[in-house]
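Next come two complexes, and both contain chain A; in the first it sits with chain B, in the second with chain C.
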Partner chain A sequence: MKKYEKITEEIVEIAEKLLKENTVEKVIGFGIGIFTEEVTPIFISNPENADRLVFNSKAEMSLAKYLLNYKDQKVAIVAKPCDSRAIATYLAEDLIKRENIKVIGINGCPGIENNTACEECDIRNAVISDYTVGKKMTEEEIEAKLKDKEDKIEKMTPAERMEYFQKEFERCTRCYACREACYVCYCEQCFTEGNQPEWVGDSVKLNDNFTYHLMRAMHMAGRCVNCGACEMACPEGIDVRALAAKMCRSAEELFDYRAGIDSDQKTLLSDYDVNDTESGFME
Partner chain B sequence: MMIKKIDKNQFKELFDKLKENYNIAAPVLIDKNKKTLVEYHYIDDFDKIDWDEQADSSPKNIIFPQNAPVGNDYKEKQYYDTEQDTLILGVRSCDIEAIKTLDQVFIEDEMYIDKNYKARRDKITLVGLSCPQRNKSCFCDTLGFNPVESNYAPLYIFKDGNEFWIKVKDKKFESVFENLPDGNQDKLEELIEKRINTFTESSFELDIPIPLPEKEMFEADIWEEMSEKCLGCGICTYYCPTCYCFNFIWEGKDGESTKYKNWDSCMFSTYSAHASGHNPRDSKEKRYRNRIMHKFSYHPLNYEGLGCVGCGRCIDRCPVNLDIREALKLTEKYLEEKGGAKSGKD
Partner chain C sequence: MNENNEFEPKIAAFLCTWCSYAAADLAGSSRIQYPPNIRVVRVPCTGRMDPFLIIKAFNMGADGILVSGCHPGDCHFLDGNLYARRRFVMLNEMMQYAGVEAERMNFTWCSASEGKRFAGVVEDAVENVKKVGPWQGFDGQGFSQEEGETTVEKV
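And now, the complex of A and B:
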């Protein structure tokens, strides 16, 4: 795959330069493990190690969340288009300082293996970047890539949908990998961790699993960027993304809002319009 | 000891016979919508057994379920499992050794015997399986375990193509197998030796003192680097065959409650949170340190053997591919630079 190799070369070049010139202290990117061929997040601070950075079809993790660990440091980050949306949302939510980060944005992202979110991606270029790698995709090219897939869950009757999600959430072990992999889930204390009141029971039972996934989905409205990191992280192969993706679509349909398109945009839940009839909410 | 050699059809017949007296669990391929995984499940059909792949989750789930009711309304009522005897078929050395660690903690430690665990465990017989090849991430031989044979299982299978050698190590089971054709012990030994030789090459060599020196490693400055990419989910602990940390929880409604013994995970921020608000492990490097130290320092100090069996599941299942082997290598390097530390027992 030439595209990935070219992107890798460009990332290495930019990272090396940034570290050599002391523009940043650290570059957050993808690398290969020492004992495996698997892609893993790496944190490079020595320019000599910049060539450890790679980008390939297995770079499935969302790196944006690591930025929250380096709020007061100057860092560069390799960002897929979806990750760049996450970074834009962090900036919109005032969680990180723009001057502290250098975004190495991937344009014309060739996609991630087995990530079904990539098939639905109509962004394909980094929405925010200081340096870009890859080749920017035109709107026609993006349109052509979009697969006309019918949404099987939307087509289901409520009873079928209930059955589908029951079968999914039955398998949930509540390891919380979906939560931890998600850039949105940065709360200091998750609702699952409180015990006064105890929203979610400790034991892994279907009703508590439902509570967890539905409550989490509610927090995704107008924030989820449909990157698919939750689904990729799930060890039980659960369709975790379905609910979050639905929240994305709802925010778009009801409020014409998409998260992480612009770092200056107001967040959906902290903004209102005096002329809003609230019809979407009431219906 | 009895050695039997049977073919697939004979094994199938044997399986059907065993089914009458035992629940049988074995590794089977399960379609999980977005993933296809090999897991231990109760089965009726011999043909479903997956002999070739290491299971993606360990048989811990059967012996030590994630949620086990252990009492009722604060009374000492126990929920001993009353199911019939269970055979867990096709358990590889790593998982057998892991069950040994669980037994050490829950049964063999005289300080406290977990009656619920014991009741369940007493009904379970492990049928081992000689590991055919090194898996993608496993390293049991680096830690000194023998992937080809383990003495802790009373029954042990060596699969060679379509032929199955069965070592019956426990006299109790001899009557079940006595009518089957005998196997030649020398030939089996030959097979075992041949298979051991396939395990020589490993890219992962390790030289650390066991137990790891507690105080020195506790204060080492390597944990932040090790855990930098850790997300803090519970996958490594939930799929680990030896991780046994648990929590007691009372759950119920309308005036009735049940006491559960549920899995806990030292990777969770709530794991050691005190009611006062204080948390001695308030950051992920402290939590990651606990995981490594428990396996390579605290467990070896308190029991015999290691708390890690090198099955590699924490590596394979980790959403960010955090590799415990890299962490151990970092430990090795740290101790080397410190001038070769003594083990925690000295």
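And now, the complex of A and C:
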């Protein structure tokens, strides 16, 4: 694929320049692992190593979370459009300082292999960036790439939906890969680990699995950018993204809110409007 | 189950101490009858309600939930219920998507002077939950009666 190679070239060029000029101490990007042929996150501080950076169709992980480890350092980060939204959310939540980071945004993201979220993606250009690589996609191009997929779960009856999710969550082994992959899940202590109160048991019983996924999805409300990293990370192939994706759709429908579009916006649940909808309330 | 072998739901009711809890009190002191199916949890404000409390109530065997707070604009803490409103709307959306019937989730507003309304709200909530029958749990295994009794009290 020509597109990926061109983006890689541009990333390497920018990263080399930034490191040589000492604008940043580190560049966080995708690279090929030393022992495996797989794409892993790499952290580059020597300009000579800048050519190790790559971008290809397997660059599935969200790098934004690593920014939290380098809060006080000047770092540059390679950001897919979804990662740039994640960074915008971090800025909105006041977790990182804008002046400390340089975003190398990927415009016209060609998508990630096997990631179903990419088919629903209607951003495809970096929302915040200091340097851009790739060619900016126009709205018509994005429109053409959008696959008109109907949500099969939405059409089911409540009992069928319950059965669907029971079947999915039954396979969950509570490895928390979805949590680790997710950029929203940065809490120092997760609700699953506390025991005062014990929100959810840590057994792999369906009851607890279901509760865990519901609670996690509730934390996603208004913050999830629908990047699909959780689904890609799941070793059991569970439809982890379904609940969070539903939250994204509902937030847009009911509150006209999208996470990570603007770095100044308040997050959905830390704000209110006097005329908010009361959909689902009793008469 | 009552004597006639009809389903009597257990509803975890989260009531704001400044309004709905007082409304329940008023309903009681005015001798207004309402179904005894609710188990009241007194909260300082609906804004204090973590959505997890509701998910956990279902996890532990409540057949339905009722959340009642001050009318928008009347919150003792000025805007607690306005924050809560968004949270409940989102929670409701998610729970319905996951297959929990809409009838199990009851949200409403009730001021301290609305004792009569509160009784009506409880009647409606009980009727709603009766419509969809006993809650089978997230694993679909159901809860035995005695077990349900103790767990709901713990919630």
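Throughout what follows, the second predicted complex is superposed on the first by the 275 of 283 C-alpha atoms of A that agree within 3 Å, B and C clash if a C-alpha of one lies under 4 Å from a C-alpha of the other, contacts with A are read in each partner's own complex, and residues count from 1 in each chain.
Here is the rule we use: a contact is a pair of C-beta atoms (placed from the backbone, for glycine too) under 8 Å apart; a residue touches a chain by one contact, two chains touch by 3 or more.
Here the structure is a predicted model, which is why all the values come from computation and not from measurement.
Superimposing the complexes on chain A yields a three-chain arrangement in which chain B and chain C fit side by side. In the superposition on chain A, contact of A:R171 is made with chain B only, not with chain C. Shared-chain residue A:L214: touches chain C; no touch with chain B.
Shared-chain residue A:M247: touches chain C; no touch with chain B.
Using the contact criterion defined above for the overlaid structures, shared-chain residue A:Q196 touches neither chain B nor chain C, since it reaches no partner.
In the superposed model, A:I238 lies in contact with chain B only, and not with chain C. By the touch criterion defined above, A:N22 reaches neither chain B nor chain C.
With both structures placed on the common chain, the touch criterion links A:E163 to chain C but leaves chain B unconnected. Using C-alpha centres, the superposed arrangement gives chain A a vertex angle toward chain B and chain C of 90 degrees, stated as a multiple of 10. Least inter-chain distance for chain B and chain C in the combined superposition, rounded to the nearest angstrom, is 6, based on C-alpha atoms.
Within chain A, the residues touching chain B in one complex and chain C in the other are 205. Against chain A, the residues of chain B that register as touching in their complex are 32-37, 56, 66-67, 136-137, 203-204, 228-229, 231-235, 238-239, 247, 249, 251, 260, 262, 265, 268-270, 315, 317, 319-323, 325-326, 329.
On the chain A side of its complex with chain B, the touching residues are 33-36, 38-43, 61, 65-66, 69, 116, 167-168, 171, 173-177, 179-181, 193, 201-205, 231-239.
Against chain A, in their complex, chain C makes its touches with residues 51-52, 55-56, 59, 72-73, 79, 82-83, 85-102, 105-108, 121, 124-125, 137-141.
Taken together, the chain A residues at the contact with chain C in this complex read 153-154, 158-166, 191, 199-200, 205-208, 210-211, 214-215, 217-218, 221-222, 242-243, 246-247, 250-251, 254-255, 268-274, 276-283.
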